[in-house]
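The following pair of complexes shares a single chain, chain A, combined with chain B in the former and chain C in the latter.
On to the complex of A and B.
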């Protein structure tokens, strides 16, 4: 048999098998369901707003806050150091470089818990590592960091450290989000360039 | 004769590939849906059902309670099937999910757990799957940020 016919037959056969595959290898989860379930039940992939506040104060370069809300809401207010990846844009290949940074803790947040946990499951299921969720989202951030006040008579050193961290995070949040839009734009542009440098890209 | 031998090799290769594909597809632990389906349903909230909507639901449904171990009996749903989240994919529990007629309504004390469970089951191909929420819009920001105009003076600190 002619080699060309042989290879053609082989390719047609493989093509037919691939065409009938019920899932897409690139757009489907890479993890197996039991692996994702076991990761999902672990409490280690959720961070409290106090933990995030401490990271924000330290300007921790090993974390990346990902705000999943739409651009308008992000522009109105966001946690200092956040980048905006709207949930609807989560699967855009543009963000692959961001999710692929294995040594960076990607911390997802929305206004509540629903979007962030769905995003966490999707990104983790797709095989990206080091993903976290900020428990309670921005609603919890406002309640705990922005509005909490110590009301006791005596404060322990531990409580003092906690309230100081909240106060500093609140200050940073208020300062950055109170900037006029033009300056905010500059700030986020600078942040984007910093991010690109971390990714190994250029601007 | 040689042509038949060549054809046999091709059929053998295709046969092996076919067997591998069948083995992979028959693995119930492999996700088969596209991730985009989960994004779309979450984005337009079509995966949520409120208590009021549930009360009005006329079609058959089954409430799957995946996080109620510490909840008082008075706060449990009647006729709900209790499945611990960590055991959601156990063989017996998969059978319950497979055999349920009508919609599957996921419920837990916190929406974080149900959201994660929903993504897993959605990507495994379960249709008619919704999350029961107590709040009408769990993703609504309940607070309004008040900018501090004096903070502008510190802009040079950036």
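On to the complex of A and C.
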């Protein structure tokens, strides 16, 4: 047989194989159910509100807070440094670059625990690493950080540090959320720059 | 999982260094494939040498099939791969200008640099013309900006536009490539010219 015919048949054969392969590998769960179970039972995948408050105070650049509530609720109030990915929009390819950053701790929170836990399972199951849940969500944040008061006579250094962290986080929270809308918009735009860079290419 | 470099993860100098080495490899491959010869490139238009179309179609199907296989094995995340934004007007107008320049000068921008690096004088003149064109483009850009930016379609993908899976589109492109290879071979026979490359 002519070499040309051989190569043509080979190429078309490869094409037919490719046409039948499922190419949604990035959309499908990569973790097996037992792996996901063992990961979700580990205590290392959740952070307490106090841990998050300390990170907020340090303006820790290795963490990214992800608010899973709807845009309207997010606009009303959010923890300083967070970005808004509404839970219903979680699988939008636009967020791919956000989840794919291995070195950044992605901390999910919603009003309670439920949406954050669901989001954690989906994102972790898809094979992204370094995901966390803020235990108790915003309800817990309000209870612990915003409303906590010390009642007692003596304060230990440990308690003092804890209350100081909560107080500073509370201050940052109130400051950011009391900004006028236009400034808030600028603040969130500034946070988006990193995301836009991922587009790359030559434009 | 790929892509290997996400721009924000690598320092800029490292990105540029990688680009530099890829560029050298690309230029070397172009030169070795004979793309530094304006006769060979212009041959595409006259039908006596169809290396260009063969190389471009081969590159397209290798890249398409390869990236999809890598994605299938979970080694490359295709969602993170950059898709060029599609400006219809710019693509058509730019295509006509580029095509005219290509047939008149015998090079496209990349191959002219490849030919320049082996000391071809016509490539130097071609590149000078290209630079003048780039300068004129920059200077007149404010006037043509509205035309150039019209009909913006975003980061468009042909498979999504056709409504077929990327695998089926790969098959279609491979069939088109094989058909083009056969037509190209026929054209080479029909418009055959004596090889003069070795005489000069």
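Convention: the second predicted complex is superposed on the first by the 167 of 203 C-alpha atoms of A that agree within 3 Å, B and C clash if a C-alpha of one lies under 4 Å from a C-alpha of the other, contacts with A are read in each partner's own complex, and residues count from 1 in each chain.
We take it that contacts are C-beta pairs under 8 Å (C-beta built on N, C-alpha and C of every residue); 3 or more make two chains touch, one makes a residue touch a chain.
None of the values given here were measured: they were computed from a predicted structure.
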item: Partner chain(s) touched by A:32 [first = chain B, second = chain C, both, neither]; value: first
item: Partner chain in contact with A:182 - chain B first, chain C second, else both or neither; value: neither
item: Which superposed partner A:88 touches (first chain B, second chain C, both, neither); value: first
item: Touched partner set for A:14, first chain B, second chain C, both or neither; value: both
item: First (chain B), second (chain C), both or neither touched by A:96; value: second
item: Residues of chain A touched, compared between chain B and chain C (which is higher); value: B
item: Which superposed partner A:118 touches (first chain B, second chain C, both, neither); value: first
item: Partner chain(s) touched by A:149 [first = chain B, second = chain C, both, neither]; value: neither
item: On chain A, positions contacted by chain B and by chain C; value: 14, 21-23
item: Residues of chain B that touch chain A when the two form their complex; value: 2-3, 6-7, 10, 13-14, 17-18, 21, 25, 27-36, 38-39, 42-43, 48, 85-86, 88-89, 110-112, 115-120, 123-124, 131, 133, 135, 138-143, 145, 147-149, 151-152, 154-155, 157-158
item: Chain A residues within the chain B interface of the complex; value: 1, 6, 9-10, 13-14, 17, 21-24, 27-29, 31-34, 36-38, 40-41, 46, 73, 76-77, 87-88, 90-91, 110-118, 120-122, 125-126, 133, 135, 137-139, 142-143, 146-147, 174-180, 183, 187, 190
item: Interface residues, chain C side, partner chain A - complex; value: 1, 6-9, 61, 65, 68-69, 71-74, 77-80, 82, 84-85, 165-168, 170-171, 173-175, 177-178, 181-182, 185
item: Interface residues, chain A side, partner chain C - complex; value: 4, 8, 11-12, 14-16, 18-23, 25-26, 30, 93, 96-97, 100-101, 103, 127, 194, 197-201, 203
